[in-house]
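Pasting a structure here, questions to come.
In this document, chain identifiers A, B, C and D correspond to the written order of the chains, with residue numbering beginning at 1 in each.
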Amino acid sequence: MAPIKKGVLERLNAGEVVIGDGGFVFALEKRGYVKAGPWTPEVTVTHPEAVRQLHREFLRAGANVMQAYTFYASDDKLENRGQTLKITGAQINEAACDLAKQVAGEGDALAAAGVCQTPSYLSCKSETDVKAVFKKQLDVFVKKNVDFLIAEYFEHVEEAVWAVEVLKTSGKPVAASMCIGPEGDMHGVPAGECAVRLVKAGAQIVGVNCHFDPMTCVKAVKLMKEGVEKAGLKAHYMVQPLAYHVPDSTYLGYTELPEFPFALEPRTVTRWDVHKYAREAYKAGIRFIGGCCGFEPYHIRAVAEELAAERGIMPAGSEKHGMWGAGLEMHTKPWVRARCRREYWENLLPASGRPKCASLSTPESWGVTKGHADLLQHKEATTTQEMKHALEMQKKAKSSG
Amino acid sequence: MAPIKKGVLERLNAGEVVIGDGGFVFALEKRGYVKAGPWTPEVTVTHPEAVRQLHREFLRAGANVMQAYTFYASDDKLENRGQTLKITGAQINEAACDLAKQVAGEGDALAAAGVCQTPSYLSCKSETDVKAVFKKQLDVFVKKNVDFLIAEYFEHVEEAVWAVEVLKTSGKPVAASMCIGPEGDMHGVPAGECAVRLVKAGAQIVGVNCHFDPMTCVKAVKLMKEGVEKAGLKAHYMVQPLAYHVPDSTYLGYTELPEFPFALEPRTVTRWDVHKYAREAYKAGIRFIGGCCGFEPYHIRAVAEELAAERGIMPAGSEKHGMWGAGLEMHTKPWVRARCRREYWENLLPASGRPKCASLSTPESWGVTKGHADLLQHKEATTTQEMKHALEMQKKAKSSG
Amino acid sequence: MAPIKKGVLERLNAGEVVIGDGGFVFALEKRGYVKAGPWTPEVTVTHPEAVRQLHREFLRAGANVMQAYTFYASDDKLENRGQTLKITGAQINEAACDLAKQVAGEGDALAAAGVCQTPSYLSCKSETDVKAVFKKQLDVFVKKNVDFLIAEYFEHVEEAVWAVEVLKTSGKPVAASMCIGPEGDMHGVPAGECAVRLVKAGAQIVGVNCHFDPMTCVKAVKLMKEGVEKAGLKAHYMVQPLAYHVPDSTYLGYTELPEFPFALEPRTVTRWDVHKYAREAYKAGIRFIGGCCGFEPYHIRAVAEELAAERGIMPAGSEKHGMWGAGLEMHTKPWVRARCRREYWENLLPASGRPKCASLSTPESWGVTKGHADLLQHKEATTTQEMKHALEMQKKAKSSG
Amino acid sequence: MAPIKKGVLERLNAGEVVIGDGGFVFALEKRGYVKAGPWTPEVTVTHPEAVRQLHREFLRAGANVMQAYTFYASDDKLENRGQTLKITGAQINEAACDLAKQVAGEGDALAAAGVCQTPSYLSCKSETDVKAVFKKQLDVFVKKNVDFLIAEYFEHVEEAVWAVEVLKTSGKPVAASMCIGPEGDMHGVPAGECAVRLVKAGAQIVGVNCHFDPMTCVKAVKLMKEGVEKAGLKAHYMVQPLAYHVPDSTYLGYTELPEFPFALEPRTVTRWDVHKYAREAYKAGIRFIGGCCGFEPYHIRAVAEELAAERGIMPAGSEKHGMWGAGLEMHTKPWVRARCRREYWENLLPASGRPKCASLSTPESWGVTKGHADLLQHKEATTTQEMKHALEMQKKAKSSG
């Protein structure tokens, strides 16, 4: 019989670092199993071995959390924009929990499952309707008995609070993570205030994920921490940023950048950028540190390597990685061997190899958020009329850039 | 019983496009199974499921060739630079062939196996010694009965010819691919002349792989084709470039760039860059089109999508990818929906998000090649004296940059 | 007898645009008459024809203000850092006023003279001492009877107020311009508050010059205007920015950028950037619009051309310039002729031709201001000890960048 | 009576460095006296003081050659494209010679005058017709008795040879300078071959000017030198490049770059770039070293400062410039004082301050040269039909870029 693992709160209460995993949506899109646009996770049912392999890579990289791949696995999302629902949300959520639990059992990791923002909320459905969507997912998570729950990728604190309220009914630990930056949520609620509301709703861990680059996300969580402490409350903090440099995004995050989602490659962070991020997050008092879109297993390994001394453990995957490039000592070319050291990589400013591209873009800020007609979601395919309108808006955004 | 597949030469003789796979070394380094520096493929023995999964992703992306992961799997390389040989070359090569054959059997793909440049050659061993290294690997490939053979990643045509001569003894089709650019091999032999020698040695397919970016590699293969045709010979052509933009590399290729191997991220090509590359390669008369380091499954899928009309088939993986971004029609945000079309992605110049980085680097051109003391390979670990010399050379290269 | 010209306040009260001139210090440094480092204007005495020519070029470009070249022409500055005082401040100021008045008389321009921040203030001398420095300069300006006075290039509002108080004693109109950005003065006084104090001290025109790029300066003046209006006061507004793009500078301005002062070339604004700046300033309600360091005659002409309709006049220099590049219609090469139109130039994003340079720098923020020992000014040459300290600070700033 | 100066050939024969001046066309365009498009030098007649001042600045910067401002001062050019000829070529050439001779007399400089490529040649006029154009200008130069002659800015060696043949009839020393790069003239004649033809036609000095950046021009002159020496001939060499970085231009030079002529600012070379250029030119055996478009007085001073030891003299203008930034020792801010040394400036990679601009552009290569209908020059204004054609060509060039 396996020894009973410490839960996520026990670990955090003990001051331990909990390493999150990376981004399944983008990683599996590149591997060929997720479709950009709908972004839904049918792959847990259709190609479980691909999902299992990715879980294992993150585990090997040092992750302590196997997050069931349930992102956008709510029925209202699955029906979105002209897709025929062949696989139900329940089927996906069940398969996802099974995979996460299986791999978590292979190492020192916990299985988590989560809900995220819904088309229902964006389309101005009622609190009751939106909560029903979350509840349907929660029922599976409870049945599968995952270790803890995550309400993540919320742009509006109002919806995030609803999600926490639903998840809390399970009695399991709840983490709440918004996809906002230092400027706050889409309705202008400051980051600190968002955190306070989430803690009051019952989240034991709060933070941000996705939408912004690592250092920007750390900055946002710092503001959350300040807000929570100022309010006389207590919480743990988490951060799971993009693996992309997006200093040119506005408060709306990287989806506004012209490169989203198919030309973000030049913005990808290196493992050395991740070292700096992990250190900065740690110094800020954040103890649940992972990644979101763009974070591949080697990025998570870099978090684990940077914090190896603090954690007292090196990840299994480091058998295949020399700290700060030490493995290069065995390279064939002597000039590459000379790069086997921290000072070299820490100070390198990597070139893009693209002299005809700029370093920053102009975001296409349409400036619409929940409540705006352009954001109403529906089951029917995008109409010609809607697309015409979208193209006109695009052209307008460009010319004012 | 499975239908008998057409061989690689039958396909090429019929004018068909043969799509190669991507780069195992870099992909598996990022997934945590290959160590940068030695770069050797023990993973085929230790974690076969990770290799199998990557094969499957390339198959799903449209690849017709499952190349057994035998890169650097020669005993002289495995013993290089202070490593203890726990797993033999024979074990690795056998496991690699098994995996390639298994997955090839799951679709319309052939299993290939290959040899590449050896520490023995760089250390000035005799033709007999070097050929013995190749023969040892070939024995496994013959025993496992792969469909065809590839001599790849050769910097010196002399060694490549030796490899072809050994592989030819098997009676199987032989492809020969050098890691050179338009300026020719490390000893100054022009690309066209290299190709002629390889064809005369018996290679039916010639081309280049690795070291340069897609368009540069196509240029090099064009020179090879011109050379072969001028010599009144006949051959098929192959190209498997880097998935990195490296216009700043010299004839020595990307290992000289300061970013190699741990900060190449900003140079990564997009799927749209791959569309242009696949078209250019096709127009140049190249019919074996794949990728090397940096090519992930989605890059290979882009080759298959660009040439879908010519091949009369879409890859399985395209069920999860709308041509030219068509899937974005189902995205939540209307401004992202407006990006669901070819014109948008074809003309986008992607930003790096790194305003404090330049777009090109200065290569650290030490200007040493086979025969130079700095390139002698040995089994012992790098000495302090050697490393001191390497660091001095690095400093010197920088200040003259 | 010449007709009596309208004064600067009459023009501004009538809602007219008053066009300032460009930067003498930098222009004459490049022409070989001003030494970077001390930056003092002995040239007015030694090579008056060079100064006169530059005045004429600005007049021809459309400037309505001939600003006597009295920048840093206070005796305490002239004695600074080991220079022997061969030419007195009085001599320089007299010659400067003569030149400005002469050229102003050749067209529709007024002669102004000014004072700027002093080493005495930076070295913590008393209000009485600092005011005595200004008074000495003012005596010459009054004797020469220039049309109005400018207190410009002040980093600390306290010293700027002292300057205005001295200049006001003359009874002439006084403009006050600080070298601050939207973040306020060196002691943290907000821009709006600075403006209020200057207006209360008696300045009829307030604004900013130097240190920041055109759009940033406009932003700062907007804050000043908001401050003044909120305080229920009235004033006119002026802006005379750098002709350099310096988005990477902190509140300390461009002297902190590593490129200052000898490698700013790639940052130079084009005439088209100036068109946008002039429009933006006009829209912000600023009516005294000119330039500072880097502004050459063609930049000032661009201000005049952009506002030609509002002013009802084209500058004399436009006989040698087609609006929005119209003169290119007569170029030899047809592809250059095709560039003879606004749409072309307005949307062009000019390349630097330097692929190995980044687009932004890291400022060397030492974070010292008035009151800090490092800023004490003295007559003696910089000592070896001081220079050693400075180099250590430089190294430290770099490594933390 | 003034001592008789050594002639240009005496100086060069003695191994002395002869420093040329900078670019009058661009400098005076920015000062407001030359119109971009026609680019003709009526200013010598209308505003002689502006021309005289620029000559003096170059003299003060160290130039040994006062080149009369006769560029494009041939009657066929003056009549080009709808301009009414108010001032004749003879008037301009006379005034230009007077100004050059006057200022040359004020220091150690020689007066030169020159001819350049003609609309007549581009429009396929006969050798007799083209030579008549040159002869008309030469008559003035002889009458004014300048010290030597320059045939410069020729894209086609055929026309350059005709110019040399005409100038040689005067008995004065003749320098011949083409605006070509390492790839040779517009008809594909290699640089070395161009030089040989010019020397055979009687030029004692050969080289290149304009169209390419400093290092590229030095490379082209090296090829000329190799050609001349290989042919067993003898000559002196000159180089007068652009002060712009244009690595992205093709053999056609900078007019093809989208930034020409009104957005070249970010490409401007620094004084430190000029130091490197002057050294490189000297090392290549070039002894007549100056500048063309973009070269301002401070750039020429940098040539003189770099070669001060070889020449045994510092330019007068260096009284206002500390070698390698030494004058900064007297700057107010201590962090700027720390920049008073060679190592700092020599290694600085200056940022553009434009993160939304790329570092390289795509040239608009229309690929037309002498003989093509698009290049026929005429007196009439550009027709609507012609302009429509030009805009179509521009659009086409862009989409294929």
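Worth a mention:
Keep in mind that, in the parts below, contacts are C-beta pairs under 8 Å (C-beta built on N, C-alpha and C of every residue); 3 or more make two chains touch, one makes a residue touch a chain.
Just so we're clear, the structure is a prediction, and the values are computed from it rather than from any experiment.
Common neighbours of chain A and chain B, listed by label, are C, D. Taking the mean Cα position of each chain as its centre, C sits at the greatest distance from chain B. Two chain pairs are in question, B-C and B-D; the one with more C-beta pairs in contact is B-C.
Distance from the chain B centre to the chain D centre is 48 Å, each centre being the mean of its Cα atoms.
Separating the CA-averaged centres of chain C and chain D is a span of 32 Å.
Inter-chain spacing, taken between the CA centroids of chain B and chain C, is 58 Å.
Residues of chain C in contact with at least two other chains: 248, 349, 351, 355-361. Considering their complex, residues 349, 351, 355, 358-360 of chain C touch chain A. By the touch criterion stated above, chain D contacts chain C in their complex at residues 29-39, 49-50, 53, 56-57, 60-61, 80-83, 119, 122, 213, 244-248, 255-272, 296-298, 301, 317, 319-322, 325-340, 345, 348-361, 364, 366, 368, 374-375, 377, 381-382, 386-387, 389-391, 393-394, 397. Only residues 248, 355-362 of chain B touch chain C when the two sit together in their complex.
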